[in-house]
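Next up: the structures, one after another.
There are two complexes below, and they share chain A, which is joined by chain B in the first and by chain C in the second.
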Partner chain A sequence: MLLSVEKLRIAFGSFAPVKDVTISVDRGEILGLVGESGSGKSLTATALMGLLGYVNGHVAGGRILFDGEDLTGLPEEHMRRLRGRRIGLITQNPMTSLDPMIRVGKQIEQAARIHMGLDGKAAYRKAVDLMRDVRIPDSQRVHTLYPHQLSGGMKQRIVIAMALAGEPDLLIADEPTTALDATVQAQIIRNLVELVKIRGLAMILITHDMGVVAQTCDHVAVMYSGRIVERASVGSMFAEAAHPYTQALIGCIPRNGMRPGTLVGIPGMVPSTAALPSGCSFHPRCSKAHTICHECVPEFRQFGRHVGVACHLAGQYE
Partner chain B sequence: MSSFILRRLLAVIPTFFVVSLTVFLLIHLVPGDPIDSLMRAGSSPALREQMAAKYGLDRSLFEQYIIWMGKVLTLDFGTSIIQGRPVAALIAQNLPSSLTLGGTAFLFSSLAGIAAGVLAAKYYGTRIDSSITSGILLGSTIPSFWLALLLILVFAVWLGWVPVSGARGWSSLVLPVIATGLGGVALVARVTKVSMIEIGRQDFVTLLRAKGVSESRIRLQHILRHALVPVISILGLRIGWILGGAITVEVVFARPGLGSLLIRALNQRDYPLVQGCLLMLSMAVILGTIIGDIAQAAMDPRQREASK
Partner chain C sequence: MTTIVSESRRLRLPVSVPAVVAGLFIVLLVVSAVLAPTIAPYAYDAQNIEVMNEAPSFAHFFGTDEFGRDVLSRIIVGAQTSLSVSVTAVGFSVLTGLVLGSVCGYFGGLVDRILMTVIDLTWSFPEILIALMLVAVVGAGLHGVIIAVAIAYLAQFTRLTRTQVIQLKKEAYIDAAVNLGASDFHILFRHLLPNALAPVLVAAMLATGDAIILEATLGFFGLGAQPPTPSWGAMMSSGTAQLFVAPWVIIIPGCAVALTVIALNIVGDALIDSLDFRNKAREG
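On to the complex of A and B.
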């Protein structure tokens, strides 16, 4: 197993917005990390990159095993050598994630220079090759452009090329297409999946788009207010989701042949992580909630490496 | 880029006329008359009129301005009424000393200010930051002439490390440079700190960290580069300001220079000399601003684009 996160708890001071996250991903696999905004997906990604310290957070419990090494206690200097080299990050908003004052080609070269020891011509060739891999046309010309001269989709391709420049084993893509046009989204996702499969990378794809999950991922972990509520393979999740929240999320996907006005949302709002409801934090929005759901936090019951659910009622109401 | 520079330079022309008009009128608002300084007690009114006619002071203000402007455009600033020498020559004689002081103080405030700002941003929220910030507050509130007196007292009188006044040798430059430049250090440090912190919060910095770029390199090669954009426009304003900013300090240290020249001319109501000095100082401010703009455009590709 390339990456396995065990009972990860993230805290800011004494306040813990992410509790008990257990996920794993291996080479050649894509794990979808799904949930509404505020569920702790991005914080989990930040923790995996070892960047929590820069937002004044810390890992308060659990382990992040990457290639057999626990990253949680790693000194910053050691962690820095892993970032970009073995774990690549693709962020949400390509408009702001590139340095506006530096030519995009140079920004791709930077990672290759730091981690691969490439210089001059070799770094340049590497950057141009990577740009071709992420389907940037006319890469030699684009190499000399500044970020503001590129479209959003092109910028995101640059970000992806940058993440690949250190030839990482694990890619973390935090909502890589949320800020892009629908037409570009599909291209970028297809390109990402292709790169992952060809290079045999592991990828954690953070998204709230169940459609994207269905098309790309092998396994899924669903997060709700800082906890993993369900894990399953993509096929079984869409066929027989065990957690009412997962079922509701799937119910939100528009389908062919739907009559206007029949698309339903999930009633209520994601609770603030600072004031969670008692018991199962989903119970106020759950159509199946029982008394026990108000009182006890459901334990995550693991049924297999990639399968498990945290619901009192799962397996009982069917 | 060259058309940008050209357009900025063309924009100077209207500014120049407005400034010249202000400079010209300003001195006439001040009560007093240069002829008074030239007359001996008991001189006849006829002699007085004769003198006024000699210097053209009997004509209307508008006529005086046109005559003055026509000459200024050919770089003839007239003759000092009191000292009897061409204004241009007096300015040329005093300029090098002012430039040395102003230039050194400018360098001092840029370098020390940026360094202090970078440090304060790096140690934001710690004791290092709060001591730099208090230093900034102190530096920006102490008037330079008072600081100059204090420095003289401590370093020249008590400790005897440097001369009290004058302009002989480099050691006499130390205190005036500190007195003139400290306000600039404070200003530059404050702007550098704030913009370093603000830029450090942007997404691209997170991505730089995710790439594995070291923290010191992120600070000095990426964040500082962005943070310097507002710093440079402020420095641009100070390039010109520092010639004028040294006026009181020059007087306190009894250094020759534009400031001392201007103050003396003001006391004697020496119209042509005051006008020449003020015009010189204001043009320095305008040119400094343009240099700042150009430097800023050269640094930021987006600005370069917008100004094509």
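On to the complex of A and C.
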């Protein structure tokens, strides 16, 4: 495994919004990390980048094994050399992720120079090549443009090219298409998948869109209020989702032939991490909840062909 | 249709007629200051007892002073002194302010608190008082004036840069640079400073106007350029004695100071407008 996160716990002082995250991803694979806003997905990504210190948080338990090395105790100077070089991050807002004062081509060149020590000509060639890889037409002309001259989709391609400039092994895409038009989303996602397969990268795709997961990922981990509640391969997950939350998420995907008004949401809201319900934190929103769900936190246990699920009742209802 | 397009274009361009006139005035001033020895009709220190305190005429466009020196020539050479002193001083002030402000804003913490407290102390006195104090320490003369003016405006540029940097630090592209493994140095000098620069440059333009007044004030007190080197402040000072005999000796340099400062302010305002304009274009 290129990356395996074991029982990761993230804390801010005594308060821990991420309690128990175990995930792994290997080269050439895409792991979908799914959950609603506030479930701890992005915080997990921040921990992987070693940037919790910037938001005054810290790793309070567990390990992050990247290529055999535990990242949790690494000094900042060492971590900085991994960032962008071995682990690339694509954030969700391309509109503001580019410096408005610098030509986009130069920004890619800078990203390439930080780690690769390229000189002027080589950096220029690298930038133009990367722009071609992320399917930017007329890359030599686009190289000279400023961010405000580009569309959202183009900007996100530039951001992706910057993330690839250090030739990382692991790519973390944190809701890379949330801010884009639906028509552009599919293109960007397809491009990312292609890059992962061709370059043999490992990718963690953070999203709340089960439809995207079904089409692109090899494995899925579903997060709810700071815990992984279900993990499985994509096939197994969509065939027999065991956690009521996962089932509900899958139920949120619009399908062809659905009658108007039959698309279901999930009632209620993600609980505030500061005031979690007792027992299984999903029980107030769960239609199948039983007494035990109010009282005990469910163990993450092996289930069917799944890696595991954290639900007392998995397999027992219906 | 064409007229509407050009109309709306003209409305959107922030360059106004006063700004152009003011800009041309400054260009004229700078050019004449640079070429002073060549274009001044007389030598600035050429005394001529026969034409003492003579009113403006074709021979002496702005009249002559109590030593019969040509006021126009002294204004032109004085422009050299006034402009070079205030521009150099503001330049030093801006450079130091940019470095201190960005370090304080970016790193924060104890260094920030100590530096800003010291710098804020200079806020609590009027600029002229600080300048007088510093000239007293460094000694009268142009060097003293440059140092005094530079320090008098340092707080302004440090504060401005610091605020800019603190705001920009929250921008997503700074996070993006961190995510790429960029060093503090890279983030500070490639991303934060270029983006923080525009408002600082506008403030510098406006401060240059203030600095000319401060320089003239110090000159008026006899703390600036030492005779016979002309400076606008010193000329006004010597003009006070002949206020009723030869009022042009004090009025002309006074007008020179006023016009220059007004012109700098108009251009500064136009710059502010055009920066707003650019920001809007960037967002839109």
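One rule holds in what follows: the second predicted complex is superposed on the first by the 312 of 318 C-alpha atoms of A that agree within 3 Å, B and C clash if a C-alpha of one lies under 4 Å from a C-alpha of the other, contacts with A are read in each partner's own complex, and residues count from 1 in each chain.
Convention: contacts are C-beta pairs under 8 Å (C-beta built on N, C-alpha and C of every residue); 3 or more make two chains touch, one makes a residue touch a chain.
For clarity, every value in this text was computed on a predicted model and none was experimentally measured.
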item	value
Three-chain arrangement built on chain A, chain B and chain C clash or fit	clash
Which of chain B and chain C A:R85 touches, first, second, both or neither	both
Chain B versus chain C as contact partner of A:I114, first or second or both or neither	both
Interface residues of chain A shared between complexes with chain B and chain C	49, 51, 54, 80-85, 88-89, 91, 93, 96-102, 110-111, 114-115, 148, 159, 162-163, 165-166
Interfacial residue positions of chain B with respect to chain A in the complex	202-204, 206-215, 222, 225-226, 299-302, 305
Residues of chain A defined as touching chain B within the complex	49, 51, 54, 76, 80-85, 88-89, 91, 93, 96-102, 110-111, 114-115, 146, 148-149, 159, 162-163, 165-166
Complex interface listing, chain C residues touching chain A	171-173, 175-183, 186, 190-191, 194-195, 281-284
In the complex with chain C, residue positions of chain A that touch it	49, 51, 54, 80-85, 88-89, 91, 93, 96-102, 110-111, 114-115, 148, 159, 162-163, 165-166
